[in-house]
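Down below are the structures I want you to see.
Below, subunit A partners subunit B and then partners subunit C, in two separate complexes.
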Partner chain A sequence: MAKPLSHRMMGWAGRAAVVAILGFIILPAVVVAIAAFNDKALLSFPPEQLSLRWFYKAMSYRDFQTGFQNGLIVMLFSSSIALVVGSAFAFVLDRYEFRGKKLIEGLLLAPLVVPHFTVGLGLLILAAQVSLTRTFTVVVVCHVILVLPFVLRSVYISLRNLDERLELAAASLGGKPWSVMFTITLPLLMPGLVSGWLFAAILSFNEFTASLFVTAQRTQTLPVAMYNYVREYADPTMAALSVIFIVVTAALLTLANAYLGLGKVLNVEQAR
Partner chain B sequence: MSSRPAELVAEKVQPIRNAEPARDVAVQLDGVSKRFGTSVALDDAWLKIGRGEFMILLGPSGCGKTTLLNLVAGFLLPDAGEIFIDGSLVTDVPAFARKTGIVFQNYALFPHMTVANNVAYGLKARGVGKEEIRTRVAQTLAMMKLTGLEDRKPRQLSGGQQQRVALARALVIRPKVLLLDEPFSALDKNLRASMQVEVKEIQRNLGVTTIFVTHDQSEALSLSDRIAVMSGGQIRQIDTPEQLYRRPADRFVASFIGEGSWLRATLDRFNGDDAVVTVGKTAITVPAAPLAGVAIGADVDLFIRPEHLHVASAAEAAFEGAVAASIYQGGHVDLYVDTPQISSARVLMRLGAKDARGSWNDGAKIAIGVSGNDAVAFPPASA
Partner chain C sequence: MDNSAFPLSARSRRRPFFRLFTIPAVLVAIVFTIAMAAILQYSVRAQIPGSLDVGGFTLANFSAMLRPLYARVFADTVWLCLLTAVISLVLGYPLAYALVRSSNVAVKSFILIATVTPLFLGEVVRTYSWIVVLGNTGFVNSVLIKLGIIVQPLQLLFTVTGVTIALVHVTLPVVVIMLAAAISHIDPDYERAAESLGAGPLRIFFTVTLPLSGPGIVAGLTTAFAWTFSAFATPQLVGGGKVNMVSNLVYQLGFANFNFPFAAALCVAGLLLTYLSIFLMRLLLRPMEKVGLH
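Now for the complex of A and B:
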């Protein structure tokens, strides 16, 4: 039996809307990706001749190389520190009742509300007071503050979904607290920990606004280096770099999905 | 047997006899209380569970039965009182050192471990040797009919299989007490019945002391050696299923276990451990204990089971009523009778189907006799 025309039209309209929205989301990335292969030294679209020269330039440009290294160092330190600090706080918030709990929760999630440039500016002023202005320390501290809420959220949700009875059962079977922690709690929290770390790492690596304030020439991260580049040049190097960025991030997420399962991370799959 | 040297026999018997005073009580609670904030979850609980006994904690939700179980397991610390397991004081002993095996309602199997590793967990935690772990896990899985499922993950198992794994995991450590927290409530009816039989069998074969929490009274009556009926954080009565049914200690236990009706009666006299009350024209003997302090001639509430009411001739009837509804139940017929002068609610009586079929239309007058002495009377509720 054919469905009424109105239903079919709704079906088509719905599908078209979904396609349009998805297209709209990836359109900027697509345009940039195509522009990256332009042969000319202009960010024109569409390109007349294709070339990989801008990819080569992006990879060999000195500031981008150091920016990439700096970004990597800052990313590894800040997301790892945020993971430890965030997990500890998430654990305390989940397991204990105490006065001022709401306040602490609010403070830890505050960076979601405070603009990045405020955090950057504040840290710049503070760093000047203690002569740390041109060091990695201040950059790492800045990024820890910014990514902490994401780690905290991720671990907190995993803890919430962890059935306390699993730990109780393990304890009654003779598992001492530390042993239960390593054999039951941590393995079951692993997806949350990894996804928290991963989100923190990606955010840190992409962070620009606050980084602009707290980095110096020597410590600038890749997004800052890119900003400085576009202030002087307008060739497709930036576009090429963007493509590399997207490919690498997508590859990381795919790996994470393959090995951890984003379904598990997002708690779609509920263990009985 | 007769050729065995006498001293060998003596050696075997001696230590058991010496240890007996401590051994006949497996779990003991002395005045244990637990509060959560301002609400009292368990109020001054006294309980002794014999070695190898199957004890059921029965009560509606929120009655404190799960709190009691958690206190025995060591998941909670009591605010007052002491807990003993196998004769030793464990009030401050952490859960991991109490050697209790617990099965939760949702089984709480470790989702990231195989069946074999779930069962082996308690043995590994106790540092048992690899070879012994392998044999004991294999034995336990065989006992629970789980052989062949060793490498499955919990989510690949059916509800009944998960239940067996949870039991195997708790039993493999040879617990001093097996704690079961509503273990069958997630199973469908048929599976539940067969698991009940199986658990009872295993419990008897292993002789493991068991505390079983449930709110299902038919489960409680069919499984247990003794039942502790709980309500409002208090243990109301600890007794065998039969005694609970025949001699409930208070109004709550009477109403909670089985069915029955409340009749208005008058206290006639005390007679040693018994008391005699009159309901309508009939005198009935009831236990005196619940009526302590009630004046002769005062009104009391008589609790009577439906099978102890029968259709009587006008001469021997205790009271009369009008049939409000008759419900055919196959083997028997339940009659709900209006007797305004005897009871404010409808009185339930249960007749054999042969006696009752078709003979009681709604509104029919009926003369009711009270038989047997299995009735209990309590002071009026308002007193």
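Now for the complex of A and C:
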């Protein structure tokens, strides 16, 4: 049955709206890319001469280098800890009923609602009381708390989609709990685990507000260094660094989508 | 799933891994609780100027918040959060719908990556990008001047409009994901049934799809509200001191004035306000949330 003209026009209007909204989302990235290759130190559109000098400057700027290293350290520790703690608890949440279950789950998911500056200030005060300010420990603990909800969710969704009968079959054939866990459960959960870890890693590396509160000069992560740079200088060095950030993040997520199916992990499409 | 059909259902009663898997999570929950308790404790203490230690118990921090200067920031923050949440919802719905219902895999992937990437970029990169877009010599003004539409650059930075645009950009991805999750749970057969009974696309959308995505709408609105409340770099850099939110006040009091008790009190008030607003939004939208998913 051919659709009437008015319906088709509505379809086109819908498509135009989607394209316009996507344009709004992508616009800043495109504009920053144009600014990053501009040879001039001051913002100007369109650029008269192209150059890579701001990329060299971004790579060789001391605070960005140490920020990058600090960020990597914090990211590796916090995302790995969050992965272990979060997936273990997601398993318990999915399988067992116990007293206090809702309370613990609520507390662990609270950082999705509690503002990051509040989490940051709370941990700063706590760190001061146990003499841990200016250490990586407080930064890592802070990031674990902030990224844990994302690991919890993505592993929990994978567990929901997992066919428990496979585990029961292995157990009925004499598999001990640990061997069932390692030969059946964990391999089947791999997409959820990898994307949970990836989400945690990217979010930790890019976390800013809470980090601003809990980091010191010595433990400053890259976003904090970038924020300080923007406050002091107006040249396109930040634009160059932003382009690198955008390209790397988009590439990682594209890979994750190709190999893990982001749609399923984010629960925006149904596993069939 | 029904476990009783399997002889080893006793396995779940023995609960393998239960303790081992719960204890680490409980430890994290405890640290988080202590950190929140520390804020609560600081919020009712007096400041000792020039020191990070705190004095005796007082409620002065909370009464100081009633001063117009601070009350204004709270009112502005709630207004910005509401505005951002509603605009994100209106812009996010078509995108979420296209993400779920598009039959083209490439289109789907593109929408997903384009939407999710900003979510993971962090506030600093995105806020900086908006400075480049909205600044007086930035993209928008340069284009408008080149096209001869305006002569003087528009003041977009340091205005509520500019801050709102940047805030919407921050919350839009998460709203899209929450809406898409809700829309993907709607059985397309309902829409087909409405169509076969002669309903046009608009009528199907407003009487079937939109009401059935109610829970996603409520989740999207409340999350957008909370995330906007949490924003710091955006109001700080795009607002440039002209548009202030509670987050900026907390940072300024903590790190410029070293008045941590007052900063903590602002956090407590902010948290209460966030939860109260979410509670009220839920109450207002209760009819929408109640709609079953299937």
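The criterion applied here is as follows: the second predicted complex is superposed on the first by the 248 of 272 C-alpha atoms of A that agree within 3 Å, B and C clash if a C-alpha of one lies under 4 Å from a C-alpha of the other, contacts with A are read in each partner's own complex, and residues count from 1 in each chain.
Convention: contacts are C-beta pairs under 8 Å (C-beta built on N, C-alpha and C of every residue); 3 or more make two chains touch, one makes a residue touch a chain.
Bear in mind the structure is a predicted one, so any value in this text is a computation, not a measurement.
*Asks:* Go through the superposed model and pick first if A:I184 touches only subunit B, second if only subunit C, both, or neither.
*Replies:* After superposition on chain A, A:I184 lies in contact with subunit B alone.
*Asks:* With both structures fitted on chain A, tell me whether subunit B or subunit C touches more of subunit A's residues.
*Replies:* The partner making contact with more of subunit A's residues is C.
*Asks:* Could you tell me if A:S172 is touching subunit B, subunit C, both of them or neither one (first, second, both, neither)?
*Replies:* Once the two structures are laid over each other on A, A:S172 reaches both partners.
*Asks:* Where does A:N206 make contact in the superposed view: on subunit B (first), on subunit C (second), on both, or on neither?
*Replies:* Only subunit C; A:N206 stays clear of subunit B.
*Asks:* Based on the superposed arrangement, let me know which partner A:V214 touches: subunit B (first), subunit C (second), both, or neither?
*Replies:* Neither partner.
*Asks:* Identify the partner contact of A:L193: answer first if only subunit B is touched, second if only subunit C is, both if each is, neither if none is.
*Replies:* neither
*Asks:* Let me test your reading of the model: by the given contact rule, A:Y96 touches which partner, first (subunit B), second (subunit C), both or neither?
*Replies:* Only subunit C; A:Y96 stays clear of subunit B.
*Asks:* Counting only touches as set out at the top, which of subunit B and subunit C does A:L83 meet: first, second, both, neither?
*Replies:* Neither subunit B nor subunit C is touched by A:L83.
*Asks:* Once the two structures are superposed, pull the subunit A residues common to the subunit B and subunit C interfaces.
*Replies:* In subunit A, positions 165, 168, 171-172, 177 sit in both the subunit B and subunit C interfaces.
*Asks:* Which part of subunit A faces subunit B closely enough to touch in the complex?
*Replies:* 163, 165-166, 168-177, 179-180, 183-184, 187-188, 271-272
*Asks:* Once bound in the complex, which stretches of subunit A touch subunit C?
*Replies:* 6-7, 10-11, 14-15, 17-18, 21-22, 24-29, 31-32, 34-35, 42-46, 84-86, 88-89, 91-92, 95-96, 98, 104, 107-108, 110-119, 121-126, 128-129, 141, 144-145, 148, 164-165, 168, 171-172, 177, 181, 199, 202-203, 205-209, 212-213, 223, 226-227, 230-231, 238-239, 241-242, 245-246, 249-250, 253-254, 257, 262-263, 266-270
*Asks:* Mind listing the subunit B positions that touch subunit A in their complex?
*Replies:* Result: residues 73-75, 94-102, 104, 106-112, 121-122, 125-126, 154-155, 162, 169-170, 173, 179 of subunit B touch subunit A.
*Asks:* Going by the contact rule at the top, pick out the subunit C residues touching subunit A in the complex.
*Replies:* 1, 3, 6-9, 11-12, 15-18, 20-22, 24-26, 28-29, 31-36, 38-39, 42, 52, 91-92, 94-100, 108-109, 111-118, 120-126, 128-133, 135, 137-139, 142-143, 146, 169, 172-173, 177, 180-181, 184-185, 200-202, 223, 226, 229-233, 237, 246-247, 250-251, 254, 260, 263-264, 267, 270-271, 274-275, 278
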